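When the chains are written out, they are named A, B, C, D, E and F in that same order, and each has its own residue count from 1.
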Amino acid sequence: MKSSKIVKTRKYRLEMNDKILNSGFNDFKKFFALDNKAYLQGAIPVKYKELMGLVGSMVLRCNDCIFYHLDRCVTEGVTKEELYEAMNIALIIGGSIVIPHLRYAFEVLEELQTTAEIAPED
Amino acid sequence: MKSSKIVKTRKYRLEMNDKILNSGFNDFKKFFALDNKAYLQGAIPVKYKELMGLVGSMVLRCNDCIFYHLDRCVTEGVTKEELYEAMNIALIIGGSIVIPHLRYAFEVLEELQTTAEIAPED
Amino acid sequence: MKSSKIVKTRKYRLEMNDKILNSGFNDFKKFFALDNKAYLQGAIPVKYKELMGLVGSMVLRCNDCIFYHLDRCVTEGVTKEELYEAMNIALIIGGSIVIPHLRYAFEVLEELQTTAEIAPED
Amino acid sequence: MKSSKIVKTRKYRLEMNDKILNSGFNDFKKFFALDNKAYLQGAIPVKYKELMGLVGSMVLRCNDCIFYHLDRCVTEGVTKEELYEAMNIALIIGGSIVIPHLRYAFEVLEELQTTAEIAPED
Amino acid sequence: MKSSKIVKTRKYRLEMNDKILNSGFNDFKKFFALDNKAYLQGAIPVKYKELMGLVGSMVLRCNDCIFYHLDRCVTEGVTKEELYEAMNIALIIGGSIVIPHLRYAFEVLEELQTTAEIAPED
Amino acid sequence: MKSSKIVKTRKYRLEMNDKILNSGFNDFKKFFALDNKAYLQGAIPVKYKELMGLVGSMVLRCNDCIFYHLDRCVTEGVTKEELYEAMNIALIIGGSIVIPHLRYAFEVLEELQTTAEIAPED
């Protein structure tokens, strides 16, 4: 059940993004392309870029963005210790107002791990 | 002259921090200690932690924090390409409202490099 | 079912506003009056004021406010192209952190149009 | 039913905090300790500290934080008039973008009072 | 003297933007291009787009952005009444925290008008 | 010299407020009146309201607002210990991003005390 929440959140995201990208308003597309490109392998390895995305999302307190970057971090094989250190940087920068999003991040992380165990990608 | 601005900003920061730390209110000290500790070497290397600090500072649009983390990044030997990629992540996450802080970051970076050339620490 | 979500959101808003306005604390009332007045016809036509309200709501990432101003925009006959241009300004100003709210705006817009078709006000 | 929502929100909060505090990452614990300590009796009485927490939570637009500080305020015996005056300060400082959180605060307050009546702590 | 402040602010902005655009990091350029394009004539007239930019800048409390959009608004012939109505929307949305930026906007506006009178572009 | 900075900041504020209030746009006046009224004696004593204003200003990171509420707090006889406790609540809520504003608050506080000693209001 919990893992189905992960699947549902991913699905909603993709479906709505499709509607935005197919709206006929092309500059949405261009922005989304720039957004994707910012996290590709470069001088900074992908996993650290995703962790930067996570820190940015937590200090700006955006749960949808936290979900996305956590999901990407887990895919990139970021360890729990690395995630905690990044979350701690976000907590210190952003203060106690970040705590509800830290709770959310812990909840998502737990579900992502359950999902990964139940439905391995082999 | 420009390099003296770097020196002045660092000095003001240290002097005011001293006043806060010596105010007799101990929980300020404890928070500052946690803040320092968050960026120490751990599972994530120092330079990526500083880049995370830079991204957090840029999306929250805090010039003083941008100055500090850029200063630290340069000390840690972060390359221009790495800095640009991190700044770009901050720009994409935070939008055009980040641009004035990107200008500031470019200005500080230029001054930090001039300072480093004029006054090498050997 | 989707259209009932629109109806429910409008209803919750009105009911809670009533409780605030009837709380006996009069300065809430005065602020609400100023808020309403800001969007009345003036040197700037109502529809552009509502689009300004939409941009302000999107860059500040407030879904309840996005719902309200989108609802008002549709009532004022704002076209899809106008809405997309305003949403794009908000996306560029506020960055990728606005994207979850762009998804929400698309979802609400779709529902508002369905509601309008199912229950026309003639 | 409404009072069960209060109970559920409190429970989720405690459970997730436990997971964070038991994650083995000790600096989370230290931050939470500083956070708790900030609201203890000092030169400023507890109830005014909680009202400050409420104002901070409302202007930063964090519903989870509003819930917590309202819950604490009610426990500390803060009166409705005091709550309204603090909420009004938050509304004036933060503007109409705070209104959805004012609605939430009214909703929570109503539920807290119902809960208190149904389940007194004697 | 006051008008020279306007000239200086415009010059700093252009010079720093040049450095960013000539940094060799092309995605900065692409973002700046999208940013410029968002305010071009479309279904919404330029002047209302600039007023939307002003509202977005004021509620996000970015003086550099306020300067730029006010400068553009004056160039586009936006009237004082229209500016006041847009500023009022920003004030109501963003609250008293916007007041320092309203003071700044009044200061800039006064200087822009003096500059225009002293140095007409004919 | 330092005390003249306090005088200058107060003067700029009053002059610009006058221009806003005399602009002929009456809703600015109404908002300013509501703003003033929010901090008057009520169920909550003035000094705690000003401390709430200080906390709100610090977590929203507005130096002009911090200046004003600190100035008012000192006038109301708020003690250093009370100020530190309120500043600490703001620091914990808002995180390290508040530190530059804590430095500013310490600087202003020092100047306010010097001003008070040099130029007593008797």
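Following the convention adopted for this analysis, a contact is a pair of C-beta atoms (placed from the backbone, for glycine too) under 8 Å apart; a residue touches a chain by one contact, two chains touch by 3 or more.
The model shown is predicted, which means the values in this text are computed figures rather than measured ones.
Colleague: For chain C and chain E, which third chains touch each of them?
Modeller: A, B, D, F
Colleague: Farthest chain from chain E, going by the mean of C-alpha atoms per chain?
Modeller: Of all the other chains, the one whose centre lies farthest from chain E is D.
Colleague: Could you check if the interface between copies chain D and chain F is built from the same residues on both sides, meaning over half shared, or from different ones?
Modeller: same
Colleague: Quick check for the class: compute each chain's Cα centroid; which one is farthest from the centroid of chain A?
Modeller: Of all chains, F has its centre farthest from that of chain A.
Colleague: Taking each chain's centre as its mean C-alpha position, how far apart are chain A and chain E in Å?
Modeller: 33
Colleague: As a quick test, compute the distance in whole Å between the mean CA positions of chain C and chain D.
Modeller: For chain C versus chain D, the centre distance works out to 28 Å.
Colleague: Tell me, which residues of chain B touch at least two other chains?
Modeller: Chain B, residues with two or more chain partners: 27, 31, 34-35, 38, 56-57, 59-60, 65, 81, 85, 88, 91-94, 96-97.
Colleague: Touch graph across the chains, line, ring, star, complete or other?
Modeller: Topology of the interface graph: complete, with all chain pairs in contact.
Colleague: Under the definition above, what is the set of chain A residues touching chain B in their complex?
Modeller: Residues in contact with chain B: 34-35, 38-39, 42-44, 48-49, 51-53, 55-57, 59-60, 65, 79, 81-82, 85-86, 88-90, 92-94.
Colleague: Spell out the part of chain F that touches chain A in their complex, as residue ranges.
Modeller: Contacts found on chain F: 59, 91-98.
Colleague: Note which residues of chain B are touching chain D in the complex, please.
Modeller: Contacts found on chain B: 27, 30-31, 34, 37-38.
Colleague: Quick check: in the complex, which residue numbers of chain A touch chain C?
Modeller: Residue list for chain A touching chain C: 12-13, 16-17, 19-20, 23, 25, 27-28, 31-32, 35, 56-57, 60, 62, 64-65.
Colleague: Under the touch definition given earlier, write down the residues of chain C that touch chain A in their complex.
Modeller: 61, 81, 84-85, 88, 91-92, 96-97, 99-100, 102-103, 106-107, 110
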